[in-house]
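Here it is, the structure in full.
Every chain is named by a letter (A, B, C and D) in the order it is written, and numbering of its residues begins at 1.
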Amino acid sequence: MTQLTLELANRVIAEAFKKASGLSLAPLSVVVVDAGGHVIAFQRQDGASFGRLQIALGKAAAALSLGVSSRKVADMAIERPWFVGSFAAGAPHPVIAAAGGLIIINDAGAAIGAVGITGDTSDNDELCASTAILAAGLKARA
Amino acid sequence: MTQLTLELANRVIAEAFKKASGLSLAPLSVVVVDAGGHVIAFQRQDGASFGRLQIALGKAAAALSLGVSSRKVADMAIERPWFVGSFAAGAPHPVIAAAGGLIIINDAGAAIGAVGITGDTSDNDELCASTAILAAGLKARA
Amino acid sequence: MTQLTLELANRVIAEAFKKASGLSLAPLSVVVVDAGGHVIAFQRQDGASFGRLQIALGKAAAALSLGVSSRKVADMAIERPWFVGSFAAGAPHPVIAAAGGLIIINDAGAAIGAVGITGDTSDNDELCASTAILAAGLKARA
Amino acid sequence: MTQLTLELANRVIAEAFKKASGLSLAPLSVVVVDAGGHVIAFQRQDGASFGRLQIALGKAAAALSLGVSSRKVADMAIERPWFVGSFAAGAPHPVIAAAGGLIIINDAGAAIGAVGITGDTSDNDELCASTAILAAGLKARA
């Protein structure tokens, strides 16, 4: 069973920045959290606005706390805005319903953590997240 | 010019009130914050209701934490209400998605603070903010 | 019955800074609040650390919410730390139990607002507060 | 040198871990924040408990919000527990009154950010912070 170490978390962040650099994206902020949604590592690129930890963490926590990608939480928010809104208001962590947060799973399919990315479009944020997870030898929940 | 001093902050507030007076606007409240969103100066005109610091600060902090004017945050809120709503719920500061909050930048384009105004229509609030920033010899992010 | 206008609030702040300048004190931050503890005006001098609004406001609000100067709230905190600690934890505003917060009263002795000052020693903060209230033609609760 | 870049922040963290490794300390968590107390980078070593971001950030924010090292905030807390306790209760960020949080200053002595470290004794946490700041070519407020 894969353990999400600091070394792996740092590698996920490095790979996300590498992908973003190749695509000339806006300054990104990337968080990697453990299965409990607690931050292992975070980096905010120069020029990013100061609220980025909350957004990156909110995407990762939205994913883990509801068991799906933060893109699917965004879909939920369109279908049932009151559900996601009230969940966010009552949660002990930020909940950001927008693509860019992906759950990292082990071989048994269990969540071992998540990555949350913010800074460019939500689609590009998520693309960097999925690319980085794979490049670090990890697996994202579909 | 890269430092937002108290003297400059007070001048921004004075210029905003001057503009508002010329237009006979409702009582305004104006906050000037540093790059981290922390209050340098605030003034609430007689007759304004008591929650005005939170609103003015929430416009300035919405702008700085997301890197755009609070008018653009309001646009985001129309397109993606769940994103702005959940960001506001999880942010460690008030987030007000309405025009009237503008980022002040240095010559290199980096944020050195922000102004937030509330009291009249959001359009008039923002007009006073942009006029005041210019009149104080400062520059707002477009 | 004296009304605490923005003009008076600004004068209190100016007088506090004048007193502090004469004494070569550290950079001060001064808040003036209305009878409900809501900010009318605040100024933070250059070089002051960023948490100063919370401290200044916490002194003013400690005074008003308990009906005595924040110096007396500090005395209470020594005698009954659990009372002040739990009051602070449950209050909807910061509560700072240290000298520097004084209630401003009208001729009938009723609270019309308060001033809170932070930046130098608590004794000096309070000296600037009492001096400024008098210099602005107002009266502090003893 | 007046800007705390992500590159510098990462170097501070790497130097802190290097020092800790040389001393065989317990797993550390290190945060580097900008002048407004907003996280630039954070890393939590394997084996550290999950609340470490709040503690590291609380040390850095305690330092910046009050303008002194978090060791001095701890001294304040011994002399005036009600002051620090009530400040912590009212602050919009965690406030941890324990050594390990140091302000990083520019050549003019102004705060440009802070580092907060937690995991071993507070003395060792602070030793790693001061060593790391120097090793990264930066300067800490005494």
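Quick note on the criterion: a contact is a pair of C-beta atoms (placed from the backbone, for glycine too) under 8 Å apart; a residue touches a chain by one contact, two chains touch by 3 or more.
Just so you know, these numbers come straight off a predicted model, no measurement behind them.
Two chain pairs, A-D and B-D, are compared here, and A-D has more C-beta pairs in contact (counted per touch definition above). Taking each chain's centre as the average of its CA atoms, chain C and chain D sit 30 Å apart. Each chain gets one centre point, the mean of its Cα atoms, and the points for chain A and chain D are 25 Å apart. Distance from the chain B centre to the chain D centre is 30 Å, each centre being the mean of its Cα atoms. Shared contact sites, meaning residues of chain D that touch two or more other chains, fall at 34-38, 92. Taken chain by chain, the contacts fit none of the simple shapes, being neither an open path, a ring, a star, nor a full set of pairwise contacts.
Residue ranges on chain D touching chain C, taken from their complex, read 35-37, 64-67, 80-83, 85-87, 89-92, 110-111. Against chain B, the residues of chain D that register as touching in their complex are 34-38, 92-93.
The residues of chain A lying in touch with chain D in their complex are 3, 5-6, 9-10, 34, 36, 38-46, 50-51, 53. Against chain D, in their complex, chain C makes its touches with residues 47-51, 54-55, 58, 62, 74, 77-78, 81, 84-85, 88-89, 91, 93-98.
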